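Each chain gets a letter, A, B, C and D, in the order it is written, and its residues are counted from 1.
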Amino acid sequence: MQIGLVGLGKMGGNMRERLRNAGHTVVGYDTNPELSDVASLADLVDRLDAPRTVWVMVPAGGPTQLVIDQLGSLLKPYDTVVDGGNSRWTDDEKHAKELSAHGIGFVDAGVSGGVWGLQNGYALMVGGEKEHVDRLKPIFEALKPEGPYGYVHAGKVGAGHFAKMVHNGIEYAMMQAYAEGWELLEKVDSVDNVREVFRSWQDGTVIRSWLLDLAVSALDEDEHLEKLKGYAQDSGEGRWTVEAAIDHAVPLPAITTSLFARFASRQDDSPQMKMIAALRNQFGGHAVESKE
Amino acid sequence: MQIGLVGLGKMGGNMRERLRNAGHTVVGYDTNPELSDVASLADLVDRLDAPRTVWVMVPAGGPTQLVIDQLGSLLKPYDTVVDGGNSRWTDDEKHAKELSAHGIGFVDAGVSGGVWGLQNGYALMVGGEKEHVDRLKPIFEALKPEGPYGYVHAGKVGAGHFAKMVHNGIEYAMMQAYAEGWELLEKVDSVDNVREVFRSWQDGTVIRSWLLDLAVSALDEDEHLEKLKGYAQDSGEGRWTVEAAIDHAVPLPAITTSLFARFASRQDDSPQMKMIAALRNQFGGHAVESKE
Amino acid sequence: MQIGLVGLGKMGGNMRERLRNAGHTVVGYDTNPELSDVASLADLVDRLDAPRTVWVMVPAGGPTQLVIDQLGSLLKPYDTVVDGGNSRWTDDEKHAKELSAHGIGFVDAGVSGGVWGLQNGYALMVGGEKEHVDRLKPIFEALKPEGPYGYVHAGKVGAGHFAKMVHNGIEYAMMQAYAEGWELLEKVDSVDNVREVFRSWQDGTVIRSWLLDLAVSALDEDEHLEKLKGYAQDSGEGRWTVEAAIDHAVPLPAITTSLFARFASRQDDSPQMKMIAALRNQFGGHAVESKE
Amino acid sequence: MQIGLVGLGKMGGNMRERLRNAGHTVVGYDTNPELSDVASLADLVDRLDAPRTVWVMVPAGGPTQLVIDQLGSLLKPYDTVVDGGNSRWTDDEKHAKELSAHGIGFVDAGVSGGVWGLQNGYALMVGGEKEHVDRLKPIFEALKPEGPYGYVHAGKVGAGHFAKMVHNGIEYAMMQAYAEGWELLEKVDSVDNVREVFRSWQDGTVIRSWLLDLAVSALDEDEHLEKLKGYAQDSGEGRWTVEAAIDHAVPLPAITTSLFARFASRQDDSPQMKMIAALRNQFGGHAVESKE
């Protein structure tokens, strides 16, 4: 099958390769001419036979909006756009409406797999109308992992990104779970070798997982993670998960506390803890640590 | 190899079977005569050749203490006792000292595997002196899963139960992570089929795990878990994990909040939320919900 | 001074009374004719001399938007609108721009005080340009409590509602703090009389506060809060506080967990705890509580 | 009334002064001879008429145990010991039993007031049998603040320290509440002057309190707390509160998260956040911050 692919960064570039390996014809466009197959988005559209399918794989927010707007002008009725980036699910309905005004279909696809996707396949969570999703089946089939899992048509427009967002929220709390356990084990005198404890957990335990395997890999590279700083970014999807939970009055204590731990990790000095120190000093004459 | 096994409940009974399947000679004792191979603990000791090995698999606290005390009297120097139950790690050093006074060795073993252990093997986290642990190797080999993982000599006496305790703490937060994500997905209109989203995550995602597989099994049995009450027990090890963290000034936000969620799930009506309602009423004249 | 007041509910009605007691001329409008001084918003505007000041005290969101829109048409350049309701701070800049297009000034005022405000005065947190705020001084002076505190010009448009929103976030966590302590004391055998413990804290302690006084009042009415259900609403400002924190990557663990406790209090049966129960059953054969 | 006072540090020294100001005869002992009225504990006992009362005001744990042991030998039947230090409530019953074996009474007193107690009085939460507590009434009367509050006989032996411990747990979460709100306000552009917002809250708001007054004092000394480090100690009572809650299966999310925030504030680099960074790098190739 023929597909246009917009955005050829780390993810998009690997997806092009995986799709071509599966025998599909991919016309890729990127603002970086060294990565791009064509000179412009208009070129890309010209190179595809109608009805066209264009997969957008650019950063969420402004960049995605820009490409959607341009495709709205360039594409024709019965064409289909897939947003495979990390867009917020609330953008999807807006994009679907804009494109629908031109007779163009829209599908949102949450994509998991990171740097391992090229080799192992990408897990896909897809939202949209059945007729649009069905047209994409050969592409989804090529991108997804072999085996029975790794693909779902989760629901209406937005459901794909929503499911991917919740996936990432769960991921935050799972990572935090292992991280808390690791720190506690490292603190205790009786345990000689925390790395080997983690390694042993990879079979027969309740907590075996792919993330655990990755933790063991990380510890094999740097047993006590001494080369790293305790500094963790967040990518937006954790934040959106908490906001979606607040909208629906769903308590998310573990996921939220995991997000906050990342926020705190990025502060050189915690303003709120200065206030705690100041209050302790006010009522108890407790010593405070001053900056020199 | 020959081993005595005290406690033939759900876990102990299956372990006897797995050990026998591996060709070991197991003399089992249980207070329930229908399960027991011998009439008494003294009988069990008589039936073993010196140096003896006795694996204790009874509930933590009083019952384990009782068996350890009796074995201290019945066993002889160079014998070894393994506590494979869910004892608190702080009990291990005490038990090791008591038995050491009689010349008897002590090993603590954290055992994971639940009802799946008979078939898949039990993950083992072991603490104790090398000479005592080494004697047990054939037993550990038979109990553990096939393959390279599932067994670790974690450190000194107590390290086995400590590692298992942390394993369970991590398990609490992982379960909470999936549970929070599931509830949020169930609340959202655009997602049609949460069970299929979970199923799809079993390959290619960052959050694939054995617990995820179990979640899918549970949803296959009861898609919206309508037959269950939102009521979750805790087994002690989550509590001990938090207490150990407090002792070492390690923040465990995700694990602790997961424990508290279980506490709250067991309250018919939350006392603290009554106070919140009372205060809102005091300052704002907000309506409260009364018990008719 | 002359002022129009739109919205004469519990808060607005009391504010009219307090302003009149201070000698101001208040023209009140409410959709309920029994409360209203005039027949319509147009009437209210007619009854005021230019430059007019109109205080809006209606529910946040749609109702406030409607009144702002209408006032935009009815008022004239140099008039001023004050939004004293519980609007989200992000609405303020929008409202200010809309009114500014007509030459009308805008001030946002966060108001605290609840049912006690008529007697004790209302704490006011105000945002807006100095020229608009200064015109309102006599009104603020009449509404605020006597004494040196209870009024602040917090900053630009939006700052008043933002400060009030954070006030409410802090309030959530303080209420939760007392509620947690109360529940723990009620659980312990050695403490005979929790109400008297709370009463004693009203002087000499670090935790004395107005909320503590209210807690004592509530316990005097119902010592063990047996007439209440553990069910707590939230008013929006707690949610917005968490969302603002997420926008600024500020960790708010205590405030957020207090919000989540309220969410959980309103669930008859916790979906996420069903998943926890289901998982425990899957791996451990743990008994679950079924709905008979 | 005549009383012996053991421990003349910051708290004990001020209490001696307040008791003497009230006309009581205080014989003070401290290991520091410059502070002490007598040469030894035996001397102190000699200087008191039977039945004697000795107030112990030394650090919790070992030091308190030592003094209790010595008083058990030195005192006589019908004498009474008060432990006014920050002992864990679980120590109280043990101390009461030890002293009871010698016919000596025991009272535990939780004392709040810090550096302000000398002037304003100390809030007292007392546990013990009525006959022992009643003997102390004149002392309690002199120490407590004027006015109707600030003293409670909370219950049996241990209830005084338990109530004080819960007081401190509540204090942790209240401090955290203000600290979170302050940090959020400081982050927002529209709010010009956070200190004045805090100051305004001192009247008419739901969150007015003594701690708020202290926060304003602290901000008056250092408006943005720039001279402080975000580093907060904890004193033991917050930890014990969480442990007591775990014992009773009471969820304490706000208090616990406040304790954990202090733990985290004391880590130069968070081990658990290193693990988060390592995992992100493993699955996503995300850049990590290395220690150059």
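The rule we apply is simple: a contact is a pair of C-beta atoms (placed from the backbone, for glycine too) under 8 Å apart; a residue touches a chain by one contact, two chains touch by 3 or more.
What you see is a predicted model; the values in this text were computed from it and never measured.
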item: Interface residue overlap between copies chain C and chain D, same or different (over half shared); value: same
item: Which of B-C and B-D has more C-beta pairs touching across its chains; value: B-C
item: Euclidean distance of C-alpha centroids - chain B vs chain D, Å; value: 37
item: Between chain C and chain D, centroid-to-centroid distance (C-alpha), Å; value: 33
item: Distance between the centres, which are taken as Cα means, of chain C and chain B, whole angstrom; value: 46
item: For chain D, residues that touch 2 or more chains besides their own; value: 114, 176, 178, 180, 183, 206, 211, 250-253, 257, 260-261, 264, 272, 283
item: Chain-level touch network, classified as line, ring, star, complete or other; value: complete
item: Residues of chain A touching chain D in the complex; value: 10, 114-116, 175-176, 178-180, 182-183, 186, 211, 214-215, 217-219, 222, 225-233, 253, 257, 261-262, 264-265, 267, 269-286, 288-291
item: In the complex, chain C residues that touch chain A; value: 206, 239, 242-243, 246, 249-253, 256-257, 259-261, 263-264, 266, 272, 283
item: Sites on chain C touched by chain D in the complex; value: 89, 112-114, 117, 120-125, 127, 144-145, 147-159, 162-163, 166-174, 176-178, 180-181, 183-185, 187-193, 196-197, 199-212, 241, 244-245, 248, 250-255, 257-258, 260-261
